[in-house]
Structures are given as structure tokens and as C-alpha cells.
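Common to both upcoming complexes is chain A, partnered first by chain B, then by chain C.
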Partner chain A sequence: MSEPHGKKSLGERFVSWVNGDGETKDRTLFVMECRMPRPPCRREEEHRKLEKRRVKKFLGWYPLAAGLICVALVAILVSVVLAMPLFGHPDNPTNNEVPTYYLEHTEEDTGAVNAVTGMILTYRGFDTLGESCVLFMAVTSVMILLWQDVKNTDEHDLQKLAREEEIKRKNPDVVLQYAAKVLTPFIFLFALYILFYGEESPGGGFSGGTVLGGGLILYSCAFGFGRIHTFFNSRIFNFLRLCGLLLYAGLYGYYTFTGANGLGDPLVSAFGGLSLPIDFAVGMVVASTVYGFYAMFTRGEL
Partner chain B sequence: MTVLEYILLAGLLICAITAPFFRRLLVTVIVYSTFSLMMAVLWTLLQSPDLAITEAGVGAGVSGMLFFLALKKINELKGTSDE
Partner chain C sequence: MLNALLENRFAVIAVILFGIGFVNVMMQFNLLKKVVGFNIMDSAVFLFLASLGYVGGRGAPIVTEGVVDASLYINPIPSGLVLTGIVVSVSVTAFSLALIVRIYKKYGTIELDELLERVKKEED
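Showing the complex of A and B:
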């Protein structure tokens, strides 16, 4: 691109590049739109006959191709499974000293009775941090795509939303509302139990967060978004998911950079092992992700 | 316990095979959620309750929900009160 605006400093040029100024616009679509539609050169009958033949041909080879692709996929997968080591064989590469070490030392190293939680949150906490980041990024990109604010909402969308709200208010689903009224407290309680007892019993951040998000979805399904805004609005949503990730990154970063001493570290042993605070952080991220997906897909706002 | 495991395995196979053959996508999603629910019970029998909770929450609950929302967006939920 030649410089149409004279000389600019590097910073200004970067800013205008980010803003997309000075780019020649892609006019392909515009030109195609302006072009007159092609005059019909064939007669209607002939056209229909051709179309029928084309559809017949397509339907002829389509099941064949689909079947071929399926058979090829199955063959690939089966050959891979056959090439894998036998399930449960004592000489398998997974049967080395690492699982034994984990099972024997998890409790004294991490303070978690549940070996799975101790493993995924302490020994392999970096892995779980990556997963939390993936969830964070996923809900962020869904928000980028589906968030309905002033700029991308027109009258028609607003009317449609208002109409749906009106329908919902006029015909409330009594069964759903009563079921939700009875079930949601127990769901929330169970979610918190899974979340906070993840180091003692089955559960942990991911499962507890999912159940918590499911409870939020049920509540907002039954009572509408107005009711849920009294205790869970977009500011709390953003605060929860950001704080969860930052808490996790901070704690695990501290733990790693001070030498990953397990319970020997003063801060870590003050928490009684890393599992509890990290479970809490992961639970916040997962719950807000699950509920964020639902809210974005139904309404386009939180 | 083994009898229950075999029943669940048969149910999993039936769900997995029949799911693509329903004409209404709504039924397909329900069968898919059923698959996840049976899988959750099977995880418990295989002594991995951590996975069972996650499978029940994500597979049977949240992903089915997201599928329903997607079907609603493309107007496939025919015969419901939305129309």
C-alpha cells in the first residue's frame, strides 16, 4: 500500500492500521450485487428436467459417499484401537511408578483425601489452569458474537424480545415454577457441597461449578431474567469469572514459584492444602461459563 | 451389578444407534441426553464418581440445554407453545 496520507509516525500508522483506515474496500460483493441477473436462456420445462436429473444423480451417489466415508472412518478408528496396548496389561506404559506415587503420597503432599482432586489441582494444576482459561475464552468469544447491545440490535429484535417476554408473563409454566421452587435450593446446596468437599469426597471445582450453573439456568428458566437479576447480574458475572481465574493463577503461580513444596509452604498449609481455594476458583469460572452460555443463547444479554 | 451393567451397555448401544434416525431433531437431543444419563450411572458402577457427576451435569444437563436453545434459534421446536 502506498502512503496516501503523507508521512506518519509509527504509532499513528499502527493506530490507523488497527482501525482499518486506508484499506481499499473489497468491492467484489458490491459489484456482484450490481450486476443484472442473467437472462433465462433455457425454457422452463427443459430447466425442470435438468434439475430433476441433477437431484436424481445427487441422491444416487450421496448415500454411497456417506457410507464410504463412514466405513473409512470406522476402519481408521478400529486400526488405531488394535494398534493400542491391551487394556489392563501389566506391561503398559501407563503402569509405571507415577500412579503409585500419586496414590500413596497425595494426602501428605496436598492435604486432599480424594486423590483425583489432589492430582488435578496440585500435581497437574497447570493443566487445569489451561482448561479454566479455555472456558474463560469460550464464554468471552460467545459474548463477542452474541451480545446484543445498542449497536447490533434493531427495532425488530427488540419487538421480538418484548413479545416473547409478554407471552412468558401471560402463560407462566406452573409445573416448571413449582418444581424449580422446590428443587433450586437443594441444587445450590448440593453444588456447594460438591464444590467445597471436593478434597474429601467425589467432586471438585468442575462438577460443582457445572451443577451450580445448572441450578442458575433452572432458576432463570422458571422465573425469568428479572428475578435472577436481583442477585446475579452482569457485573457479578464478570467479577466472578475474572476473580476465579485470577485467584487460581495467583495461587498456583505462588505455589509453583516458591518451589511447589506441598504442605510445607506456610501460605498453602494455612489453607490446608491448595485444593479448597482452587476448587472454589474453578467452580466460580465454570458456573459463570455455563450460565453465560445459556444467557447469551437465549437473550443475548446477562 | 453385572446384570445392571449389561442392561446399561445395551441401552447405550440402542441410544447411540437410533439417535440419528429420528426425524425430529428434538427427539434426537432427548435420546442423546438419555445416553449421557446412562453413561453417568455406568461411570458410578465403574468406580469413578467424579466423572459421573461431571457427566450428569454437562452431558445430560447443560449440553442438552444448549442443543434445545440452538433448535429454538433455527425454529425446529415445532408443536410447542412458542409458535
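Showing the complex of A and C:
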């Protein structure tokens, strides 16, 4: 078995290992190599019986061990809690000079009254940029896994989808449709309110974007994907999430490379602080992400 | 000791929630329930972080006009960190659910023991 592999070079072996070639995998994985060769003549039933006994044994001690590990973990954590500083005390080590600085200088540095928004969008903007990238990557990977196209859809799936559409078209949910017709504009309005008042009140890009995505989900739930495609198709979806991310990266990059002067910068002070445009960008990314998850899991396309 | 536990009640509840989620992840053989366990663990961490930022008797960190005094507001940093945590938790949940959908399409089950059996049968 080892002769044909000896001839291959390391690069070829690696390529065939990446491609999932079975035999090469046996050589590459050390554990597999060490495994004893299987006894050649074992009857099928005997093998199955042994396997069943092994699984039963495993399932016998597994819950016990898991419970023990969990109890030990909780005990350790409780002992840590006992050594923690008291809850809500002003002299706790978490309330050091950093939050004091943020609270006292947020308004003059960033133009945002809400200290949390000012903090996450300007002082710690790279953190939030990373979050937006995480959301972007999450919806991209979900699309990679669940996108239904010609290659992974067979006749059966198509017929099933068509049947479901037919049923939905013949029996429209009147209550849901009327509720959606009344509620959707208000939900969008509320989402925009949260989005744009994030610097003065609780809210901001993440919460506003989520509400916006929720409104889109309600609309497509009630009226189907055909109706929502009139104003929100996959092209607009991709445009929104890409533009949101690029807008954020561009604005924050400009802000950082010009010295992060707070409101002293002409472009930043023209916006009245960075919070508003960045909140808008984050809201675009979050709304398209939330709606993208819904569309991917229900239908597999946008 | 009881007094300390009562004082840090949010941390204690967070620990208990974390334990519940951990047991869920370890003991459930259904992959969906494992994801639910992960989410319970996430909530425990958020509760713990948010409780760290609270300071007794102070208000939300929204600076009202003219009153720039840090001793009036709670700590804004843990709130921002919880936001990061929520985003990561949502992303991980969506990704694992998508993986579970694919697993179900391929093997027809999401029970871990049946799944392992089927994978093994396919390997043989």
C-alpha cells in the first residue's frame, strides 16, 4: 500500500489530500496509521453486536462524565464569584479612569450624546468594523451553504417549492396580510428613527438595522418573495451589504489616517460627528444580513 | 459567604445559566438542541458582562445637556462589549444552523448517535 505513495512528491500528496483522496489520507493521519489492521474474517452480525456494545458502554459513562465536568465547572465559577468585587459598587476595578474619560469627553470628541454609541463608533471603531465584517462573513458563508442553484437542486425540490408556492397563492393569509400592510410602514419608520437617533438616545446601527430587517421579513412573509423583489432583490441586497461595509471602512479609515481629531476634522464636523454616517452604514449591513438569513433559510435564494 | 452570593446575584445566575447551557451542549444528542445550549451560554455571558457595568443608583450613559459628570452615569464599556458578543453569537448561530440544514439534507437525521452510525456505515 505504501509503494505508490512513495513515488509521489510532497506537493502531489498534499494536493490529493486536499481533494479528499482516501488512501493518502490514511498515510497523512498518524492515528489512522497506528490503528491495528482489521481482522479479515469477522462475521457481519458479530461485528454489529460488538459495535452496539461499544456504543452502549460509551453512552453509559458519557452522561456521568459530562455531568461531573459541568458540576466541577460551575463549582469553580461560583468560587470565582465569591472572590469578585461587590455588584454595583462605585469603587469596583471596572470603573476606572477609562469610562470616566469616555463619559466626560464623548460629547466634545464625537458629537454623540449617547456615550455607548460614541464609544463603539469612534473610540473603539475598529471593534465595530470587525463586528460588521463578522456579520458580512456570516451571511456570506450561510449563502455558500444554502444557496439553491442548478447544481444542487433536483426535480423533486423544484416540485416541492412549486407546490408550496401554489398552496400559498391559493390560500392567502388575510390576517397576516392586513397586519403587514398596516404595520410595515410604521416598522420602517421606527427603524429609521432608531437608526438616526442612536447618538442621542438608546439605539444605533445594530438595533435599527435589526428592526429594519424585521420589517423586510414581515413583508416577505405576508406577500411572498415575488412582491418583495420589486424593491429588494439580490442585486440591491449585495449592493447594500457591500456598500455599508465599504462606507464604514472608508469613513473610519479617513478618520484614523487624518489623526482622529474628533470634531476638529472638516469632513467629520460637516456630518456633525462620525456617529450618524457610520450608524447608517452599520444599519445597512445589519438589515441586509438579517433579511439574508431569513431568505436563505426559507427559500435558499434572494 | 451567603451574603457575598446574594450581593453578586447576577453573576451567580449567570453561572447557573452557563451550567445549564453547558449541560445542554454536552448531553443533548440533537444538534439543534446543542445550538440552543450554545445560545443559553451566550446569554449567561451577556448577563455577566452587563452586570459588571452597573453602578448602583446611576443612570443610563446618555449625557444630558450640560451635566458632564461621570459620577452620574453607569460604565458604558461593558455595554459596548455585550454588543460585540451579541453579533458574534448571532453569526455563529446562523452558521451552525446552516451546517445543520446541510447535514440533514445529506444524512436525513440530526441526532448525533444515528448520524455517527450512518457516517461509519458510509465509511465502511
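The rule is simple: the second predicted complex is superposed on the first by the 223 of 302 C-alpha atoms of A that agree within 3 Å, B and C clash if a C-alpha of one lies under 4 Å from a C-alpha of the other, contacts with A are read in each partner's own complex, and residues count from 1 in each chain.
In this section, a residue touches a chain if its C-beta (ideal position, glycine included) is under 8 Å from a C-beta of that chain, and two chains touch if they have at least 3 such contacts.
Values in this document were obtained by computation on a predicted structure and should not be read as measured data.
Of the two partner chains, neither chain B nor chain C is touched by A:Val285.
In the overlay built on the shared chain, the residue A:Phe206 is in contact with chain B and with chain C. When the two complexes are superposed, the chain touching more residues of chain A, out of chain B and chain C, is C. Residue contacts after overlaying the shared chain place A:Val98 against chain C, while chain B stays out of touching range.
Look at A:Ile194: by the touch rule set out above, it reaches chain B but stays clear of chain C.
Applying the stated contact rule after C-alpha superposition, one finds that A:Phe297 touches each of chain B and chain C. In the superposition on chain A, contact of A:Gly214 is made with chain B only, not with chain C.
Touch criterion met: A:Val116 reaches chain B and chain C at once.
When both complexes are overlaid on chain A, the residue A:Asn171 reaches chain B alone and has no touch with chain C. In the superposition on chain A, no contact is made by A:Leu251 with either chain B or chain C.
Touching of chain A by both chain B and chain C, each in its own complex, is seen for residues 114, 116, 202, 206, 293, 297.
The residues of chain C lying in touch with chain A in their complex are 1, 4-5, 7-12, 15-16, 18-19, 22-23, 26-27, 51-56, 60-64, 68-71, 73, 75-80, 83-84, 86-88, 90-92, 94-95, 97-99, 101-102, 113, 117.
Contact residues of chain A toward chain C in the complex are 55, 59, 63, 66-67, 69-71, 73-74, 77-78, 81-82, 84, 86-90, 92, 94-95, 98-100, 102-104, 106-107, 113-116, 119-120, 124, 127-128, 130-131, 134-135, 137-139, 141-142, 145-146, 200-202, 206, 293, 296-297. In the complex of the two chains, the chain A residues touching chain B come out as 114, 116-117, 167, 171, 194, 202-204, 206-207, 210-211, 213-214, 217, 290, 293-294, 297-298. The residues of chain B lying in touch with chain A in their complex are 49-50, 52-54, 57-58, 61-62, 65-66, 69-70, 73, 81-82.
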